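Scrolling down, you'll hit the structures one after another.
Across the two complexes that follow, subunit A remains constant while its partner is subunit B and subsequently subunit C.
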Partner chain A sequence: MKIAVLSGKGGTGKTFVSVNLVNSTENTDYYDCDVEEPNGDLFFQSKLIQELPVKVLLPSFDKEKCNACHECVDACSFNALALIGKDMLLFESICHSCGVCSFVCKQKAISEVPKQTGVIKIGKAGDSKVVTGKLNMGEAIGVPVISGVLDLMDEDRNSIIDCPPGSACSVVESTQKADYCLIVAEPTSFGFHNFKMVEQLARVLKKPFAVVVNKAESKNNIVSSYCKKNKIKVLDTFLFNRKIAQDNSRGEICTSVDDKMKARFISLLDNINDDWQRSLK
Partner chain B sequence: MIIAVPVDEMEENSPVCISFGRAPFYLIFDDEEKKFDYFDNNSAFNAQGGAGIKAAQSLVDRNVDIVITFRCGENASKVLNGKAKIYKAEKVNAKMNIEMFIAGNLQLLNKVSPGLHGHSVQGEK
Partner chain C sequence: MKKILILSGKGGTGKTTVAASLIEYLNSKTIADCDVDAPNLHLLLKVKNPVEKDFIGSKKALIDVDKCISCGLCAEKCRFDAIHSFGSSYKVDEISCEGCTMCSLVCPAGAVSFYDDKSGTLQKYTAPYDFSTACLKLGRGNSGKLVSEVKRNMVIKNTEEYAVLDGSPGIGCPVIASISGVDWVLLVAEPTLSGFSDLKRIVSTAKAFDLNMALCVNKSDINMKITNEIIDYCKDEGVYYLGLIPYDKAVLKALKSCKLIINVPSEAGNALRNVFKEFKQVLENEN
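On to the complex of A and B.
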C-alpha cells in the first residue's frame, strides 16, 4: 500500500506522522517528496547507500541554423522563450523541459542539453529504505525530482510518501501513485483553510482519504466539526503535548521512545488499511 | 517611431492598464503616420505564466520603439532591452500619455518589478 501524507499548510506535522508510520511497521519505506525542505531523514539518520543526480533538459540554440521563424516561441506553452532579431532568449526558471521547441524546429537549430536541478539520496534505516529528494537552491520546479523519488518505489513493499505542503503541481505529482491520502490538519484558521483545499484535491484526484488532526487543543475543533458535517473520517487527533514536542525537537522518533505512541500509530495504520480496503469494494 | 501603451479598452481615451503583461489590449501609435492602432493582447492576457515575456515579444515583433507603462517586470524588460525604451506612465489617459511623451514630459521607468514568483531572481541566460 502507498500512503501519501499531505496537509495544505506547512508545519502541521506531515513529517511527524510519516516518519512515525514508517517506524511503526515492518516492510515499509519512506519517500520524502518535500523537495524544497526535506527533513524526514533528520529523524531516521539513515546510512547513505546511493546518490542519484536529477537532470532536466533545456534547449540550446544554434544561431547559424536558426532562421528566426518564431515557431519555437509560439509553441512554448510556458512563454519561456523570446526571439529578439536573431537572438533567442531562454528563461530557464520558466522552462518546463517539455521539448516542444526542438520538436517544432524545422531548421534543427535546437538541441536539448541536460542540467542538474536536484539530487536523490537513498539511505537505509533498519529495514526501511529512506529516499530523499532535494531540489537545488534557486530552482523553481520540483516536479522532476519528485517523480524521480517516486520511480524508486518498490511494488512489494509499503510506501509512505511525505508530500510537500500546498495543493499545487508538486503535491499532485507526489500523490499520483498513491493508493490513499492521509491529510494532516492543524485546527487553526489558516490550517483549516488549506486543509479544505487539499480535501478538494483528493476528491478531484479520486483518491480515498481520511484526516489526522494535529496540534489541537481539544478533540472538538474547527476541523473535526467540518469533518463530522461532511462525513470525513478523522482517524486520530493529537493534542498539544510537551513530551511529543520535546522528542521531536531532539530528532527522536516518538514511536521509538514511547510505547503508547507506538500502539497509537499501529492502530492508525490499521484504520487506514481498513478504510482503504473498504474503498476498493 | 512606434509607441505602445497597454490599455483597458480599445480606444485612445482608455486609461493606461495597470498591468504590462496582462493588459487586454495595446494601443500603438505611429509617430510618422500619426495613426492609432490596436492589438489584442489575448495570448499574453490568458497565459498561465510568462505573460510579461509574451506581451514584450509581441511589442518587439511590431518593432515598437517606446513603451509607456506603469510597471514592467524583470523578464519583460529583458525582452525589450535594447529594442524599446520604457517610460513611466502618468495617471492620465493613453492618448494624453503619448502626447506627454512627445512633448518630452515623461520619465524613463527606472524601477523594474521582480517576478511574481521570484522567477527573475535566478540568473537567466
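On to the complex of A and C.
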C-alpha cells in the first residue's frame, strides 16, 4: 500500500506522522517528496546506501548552425528563451525541458544536454528503506526529483510518502501514485483553511482519504466537527504536548522510546489499511 | 518604499503570525500574501470582498476525437506523461499538461488545439490595506508566475512607508519569484533540527539575490541549544539577529480569536514587539 501524507499548511506534523508510521511498523519504507525542505532523514539518520543524481535536459545552442530565425523563441511556451543580437539566451530555472525548441529548429542547432537539478539519497534504517529527494538550491522546479523518488517505490512493501506543503503541482506529483491520502490537520484557523484545500485536492484526484488531527488542544475542535459533519474519518488525534515538541526538535523519534505511541501508530496503519480495503470494494 | 518579505524555509514556524503583527507595528498599508498555495494572511487581517480576476497561467491541450487517428505520437512525445489512450482516441490529463505544444507539433492529423487554463484567482483588497494576494487553483503549476503577478498588483509608492509581503515555505519557484526585487528578508526561524536545516537552505537561496536579511527565533525555548546555534549561524552569515520569541499559548489563543499577538499583553507579544523595535532601528540605520 502506498500512503501519501499531506497537509496544506506547513508545520502541521506531516514528517512527524510519516516517520513514526515507518518506525513503528514492519515492512514499511519512507519516501521524502518534500524535496525543497526534506527533513525525514534528520530523524532516521539512515545509513547511506546509494546516491543518484537527478538530471533534466536543457537545450544547448550551436552558434555555427544557428541562423537567428527566432523560431525556437516563439515556440517556447514558458518564455525561457531570448535572442540577444545573434546569441541565444536560456533562462534555465524556468525551462520545463519539454524539448519543443530542439524539435522546431530547422537548422538542427539545438541539442539537449543533461543538467543535474537534485539528488536522491537511498539509505537504510533498521529494516526500512529511507529515500530522500533533495532539490538543488536555486532550482525552481522540484517535480523531476519527486518523480525520481517515487520510481523507487517497492510494490511488495508499504510506502509512506512525505509530501510537500501546499496544494500545487508538486503535491499532485507526490500523490499521483498513492493508493491513499492521509491528511495531517492542525485545528487552527490557518490549519483548517488549508486543510479544506487539500481535502478538495484529494477529492479531485479521486483518492480515498482520512484525517489525523495534530497539535490539538482537545479532541473536539474545528477540524473534528467539520469532519463529523462531512462524514470524513478522523483516525487519531494527537494533543499538543511540550515533551513531544521538544523531543521532536532534537530529531528523536517518539515511537522508539514510547510503547504507547508505538501502539497508536501501529493501529493507525491498520486503520488506514482497513479503510483502503473498504474503498476498493 | 522598502519591501520586506517574510520567509522561513520550513512551514509552520510563524511567518503569517509575524507578518500580520509587523504590518500593524509598521503601520503598513501596502501588503501582499505570496503564499498562493495556502494563503492565510487575509484570515488574520479580517479583510473582506476582494476584487477578483482570473489568472491564466498556461494553455492546455485538447484532442479532437473526431480528427484523432490514434497514432499515439502525442503520447509518446509528451515529456509530462499527460496523454493517455482513451477508448479509440487519446486524452489529455489537464493537471499534468504543461501546455508546451509538443503534442500539436507532432500530430499528423491536426487534432490538437489549446485553450487558456485558469490556474488561479488574483485578489485585491482595497481597505483598510492595499492588499494583493491570490489563490492558486488546486494542483496547478505556475505558482511562481502567479506570485509575480501578485507583486505586480501591488502599488509601490515613492514614500518612506514599508511594504510587507508574506512568503511561502520552501525554496522553489514561488519563493524565488517572491524574493526577486525585495529589499529585506525577515526570517522566522524555529529551533528544531528540521527548522535549522531548512533555514540554511533558504539563506543560501536568498544569498543569490542582492538583499539584506534579518532573523528572529520563534518558539525559542523549545530547544535553547539549537536556538543558540541559530544565533551563531546568523553572525557567520551576515544575517541581523533581532531576538527571541518564546513558545506561548497566548499565540494560539490570539489566533483563535483573530487577534494580532502584539496587541495581546503576553510574553510572546512583548517579545515580538522588542524584535520589531530592533528591526525598525536596523531599517532606519540603513537609510
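Everything below uses one rule, namely that the second predicted complex is superposed on the first by the 279 of 281 C-alpha atoms of A that agree within 3 Å, B and C clash if a C-alpha of one lies under 4 Å from a C-alpha of the other, contacts with A are read in each partner's own complex, and residues count from 1 in each chain.
Rule of thumb we're sticking to: contacts are C-beta pairs under 8 Å (C-beta built on N, C-alpha and C of every residue); 3 or more make two chains touch, one makes a residue touch a chain.
This structure is a prediction, so every number in the text was calculated from the model and none was measured.
Using the contact criterion defined above for the overlaid structures, shared-chain residue A:51 touches neither subunit B nor subunit C, since it reaches no partner. Judged by the touch definition given at the top, the superposed model places A:93 against both subunit B and subunit C. Annotation for subunit A, partner touching more residues between subunit B and subunit C: C.
Contacts of A:42 after superposition on the shared chain: subunit C is touched, whereas subunit B is not. By the touch criterion stated above, A:80 is placed in contact with subunit B alone, subunit C being left untouched. Once the two complexes are overlaid on the shared chain, A:168 sits against subunit C while remaining clear of subunit B. Of the two partner chains placed around the shared chain by superposition, subunit B and subunit C are both touched by A:140. Comparing the two interfaces of subunit A, the one with subunit B and the one with subunit C have residues 77-78, 93-94, 138-140 in common.
Every residue of subunit A that touches subunit B in the complex is listed here, in rising order: 70, 73, 77-85, 89-94, 138-140.
Within the complex, the subunit A residues that touch subunit C are 8-12, 15, 36-37, 39, 42-43, 75, 77-78, 93-94, 96-100, 103-104, 135, 137-143, 164-172, 186, 188-190, 193-194, 197, 200-201, 204-205, 217, 242, 245-246, 248-251. By the touch rule above, subunit B contacts subunit A in their complex via residues 44, 47-51, 53-54, 56-57, 60-61, 75, 78-79, 82-83, 117, 119-122, 124-125. Across the interface of their complex, subunit A is touched by residues 9-13, 16, 37-38, 40, 43-44, 58-59, 77, 79-80, 95, 98-102, 105-106, 136, 138-141, 143-144, 168-176, 190-195, 197-198, 201, 204-205, 208, 222-223, 226, 247, 252, 255-256, 258 of subunit C.
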